[in-house]
Structure formats: C-alpha cells, structure tokens
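As written, the chains take the letters A, B, C and D, and residue 1 is the first residue of each chain.
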C-alpha cells in the first residue's frame, strides 16, 4: 500500500500519474491496463479540482494504491463538495460533430475503463472514490 | 594494374563503374575523388557506345586502372569512330531554363573532374582516352 | 508537453509530444489558436509522441475540429496515433470525426 | 534503380534509389512521364537514396523541369540531395534551376 497527498492543482496531475503508473506496473498490470488506470485517476483528480474544490489550490487530494493478487485498487479522497454521480448520464457518442459535447468524457472513461467504481460522500472523512482494476487471468 | 573488357552496352556501365570504383578506393582516393572518377568513366563509356560505336553492342570497351603513389589513371579504349574533342565546346551553364541544353554535360564532367584528360585516335590501336586523377597530398 | 508547429502552403502541422492533461491542454489550445487566428483551418496533428492524453486533450481535438470544419473551410487530420490513444479515441466515439494517416507526409499531402 | 511514386492532392513524389546512368535513366524518364501524362506537373523528387547520377540522369531532371514549368503549370523540386550529387548539380549549373528542400514533407507541403 502506498499513499501520496498533493495539493489539488493541475500541475500536480503528472505527479499523481507517475505515482499511480508506477504502482500499477509494480502490481503486474499489463501496459494497457496501466494506461487505463492512469487515465481514470487523472480524470477523477481533474474533477476533484474543477468541481469538488471549484478551483485550483483549494484543497488536497489523497491517493492510495493497493495491490492484491487479483486486483489493483486506487482510492482517491478529497474534502470538497459532494456530488451525485448517478445524476450524470453517459455522453452521446454518436452525435454529429456539430452537436458533439466536448465535455462529459471524464466519468465515461472512469466507468468504462475501471472494473468497479464506488463514490462515498460522508461529511467527516471527505469524499472517497474507490476504483478497482482486475488483473488479467494469465493461464 | 587491372583491366576489364566489356561489350559496349549501357547495362554494362554498372560493371565498369563497380570495377573502377573498387580500384580507385584501393588506390586510396578519398570518397569524393572516387565518385568523380566513376562519373568521368561512366560519361566516357556512354559516349563510346553512343557516338564512337553509334549503338549498343557494336564493339567492346577496354578499361584499365593504374595506381601510383601520386595518382590514379584510367585508360579507356574503343575501336569505333574517332572524333575531335577540341571541337566540342563547354556547355552554357548560365542559360535560362528554357534555353538550357540537356546535352553536353558528359565531356564537361570529364574535363572538370579529372586532372588530366588525353584523347588519342590511331587507326590500329583504337581510340584511347587517358584520364588522370591526382591524389590529395595528406600532410 | 512539447509542441512544434510547421506551416506548409496548404496546411499547418502540429507535432505533439509528451503528456496532455488538464495542466498542459491550455498550451495545446494556444498552439491551435495561433494557427486558426491566422484564418488557417487545415491542420495536421502528429500525435505519435504523445504518451498520455486525458479528456482535456480530447476536448481540444474535438473543439478544434468543430472550428476547422465550420463553413467547410478546413479540417483536422491525425497522423500516427499511438495504440493507447487510439483506444481513448475509440472510447470517446471520436474515430469517425477524424481522418487518420499513417505518416506526416500522407497527412500533409492530403490537403 | 528503384522508383516509388506517391500521389498527393497537389503534387506527386518520386523516391529514387540506386544508380541513374544511361542504362537506367529511361526508367526514370518513364516514371516522370507516367505523372506528366496525367497533366500533373508538380513533382517532388527525393534523391536521398541515389548513390550515382550521371549526366543521363541530370538530363531527365532538366527536361522534366522544362516540361513542368511550361505555362507556369508546375515545377520539379528536389528533396534530400546527397553530397556527391549536390556537387554534380553544381558543376552542371543546375542549382539555380531547382528549389531544394531538406525533407520530403517540406517539399510536398510547398505545393
């Protein structure tokens, strides 16, 4: 288990990315799974800065990585505003260019590329996003 | 000293080229001098086929390479028509594109890129072109 | 990230390298704007050197495509897409929105 | 010699490799003719892979330039000239007759 805490700023995304990529590689994920996890974490952290905190430098992000023989788990915690992810609908991926939304892809990546995604919003311990990537069965 | 005899055909130019290049390299010429010699020989052989013999396959070309410590000598011999090289004037290299002659570069290359050029036309022994490339003084 | 811009007679090319995330996407957007501000809307993006692109980068891609295709005045085409980013483009449904070329020259020569 | 032809929107490119002498120059001439016969007169010649070019090859170059520049309909440009051939072009007085580019893409992008 490894934990990193950074201030919620966009220029810290690369640090969290390096940290998570390294942990995912060490856990033995294949390189595309590593890329998927790094992407999901980047998207989630961006949202924390943009929406939970509403701006850069307004609070910390805690990132914890845990590996078991069968899966890789990332837990992100922030102390910003909670939100209801159930209210966020998937983007329309078939719309013609003119009507294509440039927004709304972040949660889509998180949901599609991680095997389990769980948001918990409890006042005291902050908002906790737990994301699980299962390891490929080799053999 | 090395000699090669080939039938005067354009597809033999590559053989003569390889032969002369190898000999010039063995003689210790620098690589640009080797290129200059190969070009002069190619131009001269092309002219032998085109003008001295008037067509392909009408006669042989004999090529002899000789190296001394100070120079590299190529002797080309053919048994076609003689000609008077003094009558051939250098091409106009300043003409605008429209008036630029596409012909007449061959002898120009021979004269400019070799240090000595001598044509001998004697009925019995055929036409003999002797071309000398002096070696660079190293030191 | 690093961005190199080259201007050709009929198009401009961006060669992008490194990481495009929320921190660096504004730089990407700036480089695009420097081109479209000159009323040039035919753009090749060589993304072969991009090792990470989040939705912030994808957003710039699709917004630029909207700007360029408006009034039929141009288009963004992509050259040399790395496998991971190909997957991200697929998941975003962006593949149908961009012509893709195997190399820079085919992309530039298409304009 | 080997010749590869690629057609782009605004120009055609010949990538030439090997030896261009009196024996192979006709092949070079044919490849050019295949392009100009389609009324296409903007041609990039990448000669980086040419290790020998005699006056027979230079003749094709200058004749093609004449054909292409006629009526201002086009032009031959050269890409990636090897040093030896640069010297031959200089000795022939051909340097002022051709635009030269460092790489294929700059040459293609110029049309």
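The rule we apply is simple: contacts are C-beta pairs under 8 Å (C-beta built on N, C-alpha and C of every residue); 3 or more make two chains touch, one makes a residue touch a chain.
All figures in this text were calculated on a predicted structure; none of them were measured in a lab.
Greatest Cα centroid separation from subunit B: this falls to A. Per-chain CA centroids place subunit A at a distance of 74 Å from subunit B.
In whole angstrom, the spacing between the mean C-alpha positions of subunit A and subunit C is 25. Mean C-alpha positions place subunit B and subunit C at a centre distance of 54 Å.
With centres defined as mean CA coordinates, subunit D is found 32 Å away from subunit C.
Touching two or more other chains at once is no residue of subunit A. Residue positions of subunit D touching 2 or more other chains: there are none. Chain-to-chain contact here is organised linearly: an open path runs through the chains from one end to the other. Interface note: chains touch in the pairs A-C, B-D, C-D. On subunit D, the positions that touch subunit B within their shared complex are 19, 21-23, 52, 54-56, 58-59, 62-63, 65-66, 69, 83-84, 87-88, 91-93, 97. Listed in rising order, the residues of subunit B touching subunit D in the complex are 9-11, 13-14, 17, 32, 35, 38-39, 42-43, 46, 49-50, 91, 93-94, 97-98, 100, 102-103, 105-106, 108-109, 112-113. The touching residues of subunit D, when paired with subunit C in their complex, are 6, 8-11, 13, 104-106, 108-111.
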